[in-house]
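Questions regarding the structure given below will be posed in turn.
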């Protein structure tokens, strides 16, 4: 059994991690910390865990965390980087669900996240945990940067095109739509039901923190700078991301075959038949990414539709996937549930 | 492995049964029939099942169904009773998720359901599949009548009071609220998003088919006629039932202790601390019923709050629970998932 | 033109009041104050008012408020009572949309609201602004206590029964359901979309502040103490209250005729045909209360269904109705819009 | 008073038209027809109209319609063209809210709509009723083709760029999102709450009927063929369209000034401050289109955000606007209501 610790398990990413880990046959939940809720039973905050998780939130504490095999950070940005060096020194493997170790260029990270990085020397070692790209590196990672939700949906959608140079990579558009759980579980007027329900809007069009992360992923794949316009929107629903991706094809190729081949061995990427329209509910509560390809009206513009559950494949599920890889378990263990539909 | 067949698996109860059975370690899905969708892959109708269920809907056919160990009917009322006698004769055990075998009084059934019963002689043998009441009978049942969603929530909420004669059973009120999935997956203007979202209403106040079923369950428990007012309402959400139950206490008793004792050994009934307010989302996608008790303002009126997921504990999950009991499996196998929250 | 001021117009009651008053042909919006948003244009906070309201929020200021004919308080409980005496002295008429002047018994008010009342001497003079009960008093009121949302829906539903002594008033049940806007526009985890959407729950069952207000309204009508159980629930929608009311009939009477007669001259109470099921959406954005009556299954239990929009008839619309009465205008002016459906 | 008739008023466009016309000070609703609901009171189908509209649906009948000054068709495509010639001959002015007269090229219309046009000779005369483009033509129109919902949002967003040749018109993208009311009020599994709520998807990516209509509007403005990719999506809400438009700037210009100037005199187009993010709820129930402009990250890609209420500015409200123009009334009469927010 793998002893797992969670730092900061009170948000939506945290409870989702708890939901997955408490059912995982190879994991023993050992400690969960929260400054704000220390002393409170986890199941009092999240009654869906009654009878499944009998842990109590404790104050963050290096000693108890150091006794774990793996520690997950489900914390705000800037927290994991404070404790990670000590945990690594203690032989603990670290999976950060926040953004502390996602961006290789420390200057760019500091600019977008508005703080000084506490351990820039670890950025090189940190592995970007998108299994469909870095599976082998992940197996041996000590420090894993779990991808953001938008980057997961967008990269899986664009990668086959970019890797093969099929499209004009200077003119990519990612029009993305996310459920409200992406905003987290903090007291925030903008995420109230009465502010978000029965409405739809774009946000952060001038610049969103996932932009440099997506760009880095694309540029790593293509080996040169790319031009990307990224527009996120808020959908009046709890879970789900739908990325609608646009690119201009510059070389002929059978796209459907390309995608099916690229993802043939991927347990969590499902390429739908050509002409399909994936729904976010088809992945609700599951770790799958479903993708469909279109070339409307015979034009050169390729349209890719990519859907994930932002809390699973876009966060906690992908973190467990990475843990499975890091500890040599069956990749799909604990995360092969069927989506809840309807 | 238990060979399972499903008749009529295109509705919401059907897909939920598929979701649960395809992950059940002791079940092999063997056949699924649908007159309307014969020839279509199940996963084409329900893409959440892609890669999990590779069955194709077939025309209903007694031969293939007779080769199963158990057949589930996820059909409209009046269908199961047509084929059940032949299946029982063939040694197949039958679980009906519709109402054909729930009411013992055939005249009452025929009045509420507006048709003639095809095999009234089986009504006596049919076991009402509420495990918290009939566990031993269920173990040996050939023919199981799976309870309705409202009756499940209401009976589990009222039973401890009724069984002990603590309340005036001539004056019971069940004010119930259901998500829209209770209306099924048929083309029905009244269940459109634009008709049900951002609105709330009561329906069927003069009389709902679950009224005689609830009354029968209460009267069996108390051994005499009861007076019940049952008012169902439609909630703008997909899943969940919340029953708010009112009864006047006529004998003193520690209610909290009573309920905790009554359900101490029940794996799927969770009595919350006194004063709690269970949310339907705390059971979303799970087989649990959560109950809380109140006596507001020191009055004699007891208020019981009882929540279930209508598609799981109120339908498919309870059916699998019954199958587990009928085949001597661990009761909770395949239905012990944590609710999806948020 | 009536010069109107609003104190605290940043919440949902405030913006609804702005929506109604800015279209009212006899009103000139003169001043709107908000400590938190002073200096900000109203239309920057509420873009639906762009081009309609060009006011800027100002610091609360007795001088500018004193120049108004009427001042509305759309503030938290406990605010209006601080300034009301000075405004009345200055000849301004005051309409409080909060609870400061609703309860006649100051001790009961102080117990439920947890503070000392600042001007208990005004409680006698304050008129409870339910036009269907107090129309004549309202016309001459200097100080108007606008009713709460639940009390409006429940009182209009129960009054004809109570006033005529038709029911056992010692055993009344009000099972009420409200949209989330009733929780206001404050940063509150419990009102996030991800906490309230796709879920349903009861809350405050041990005791809700609207209980003494409803009880007072009923007791005034019947002239003696009543026994009331009040259970509020939260519905995953923005607007609307649905009250499901239960009472045991003790004297024979044609209920439908009784209600139609009682409300025959009321412009905003609509008694539906017997057997109807009013939907909250049928009053969304409008000032109507729609009521339907049932006596299910021939039992003695009367079931009354009463729906309002909590922000209109349950708050801002009723406040404008009261203003119309206080200033001798046509009662329905500015509040006769048709509900938005769908 | 203008005598108005409505053909086919049972859908969402029809009831919205009723809501607006019954409050319009210059309109007398004279007749409303519906084959399916003939004999039923309008207010029985739409209880929000109780006390406001006392008409009864009648069978379509040329005589009664011919007595009107204007007839609105709120019918499925292909209906208006059957009766329009006779009505025009009778001196009645016709406003078609469906697509029969929107496309000038009859062959293209017949291909997209899959039927033969009944009166292609009227296509030239029909005026495309986008007041921001065709105001003067509309004033004198006998036959008005009311624009589609997506075309309204997209054209208002793109027009200033296209008219001035500022962008590469061969590479335009319209990523559009619509509430479910766009699917109408027919019994359609795909529009059930349980199929659309808590989910997001694209649809009709290979080709949607609004594509040729948008293309025609753009090509008319620019005077040459344009290249457009149009991807519609379904949002889990009732009302609202959000168009996210992408175009590559090829000539320098102050965009904000351009839009403000273009729409300076338009009563229903509101250009927000640069950098804003309009929400669909800011126009819910109102006839406004709100637009904001972005050039993210200093790239050449312009991003335009345009929101409308699909049932008002995208259908019934625009139809009333056109009627106002056709009959010489104040343009904004009856359609200047403030959006319902929240």
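Each chain carries a letter (A, B, C and D) given by its place in the written order, and its residues are counted from 1.
Just so we're on the same page, a contact is a pair of C-beta atoms (placed from the backbone, for glycine too) under 8 Å apart; a residue touches a chain by one contact, two chains touch by 3 or more.
Because the structure is predicted, anything quoted here is derived from the model rather than measured.
Here the chain-to-chain distance from chain B to chain C, counted in touching steps, is 1. The interface with the greater number of C-beta contacts, when B-D is set against A-B, is A-B.
The geometric centre of chain B is 45 Å away from that of chain D, both derived from CA atoms.
Centre-to-centre spacing of chain A and chain B amounts to 36 Å, using the average Cα coordinate of each chain.
Shown for chain B are the residues in touch with two or more other chains, namely 12, 181, 185, 194-195, 197-198, 236-239, 278-279, 281, 284, 342. Looking at the complex, you find that chain D touches chain B at residues 12, 180-181, 183, 185-189, 191-198, 236-238. By the touch criterion stated above, chain C contacts chain D in their complex at residues 12, 15, 19, 22-23, 46-52, 181, 185, 197-198, 238-239, 270, 272, 278-279, 281-286, 290, 337-342.
Across the interface of their complex, chain B is touched by residues 171, 173, 175, 177, 179, 194-195, 197-203, 205-207, 211, 227, 229-231, 233, 235-240, 242, 244, 246, 248, 275, 277-281, 284, 294, 296-297, 299, 301, 303, 305, 307, 342 of chain C.
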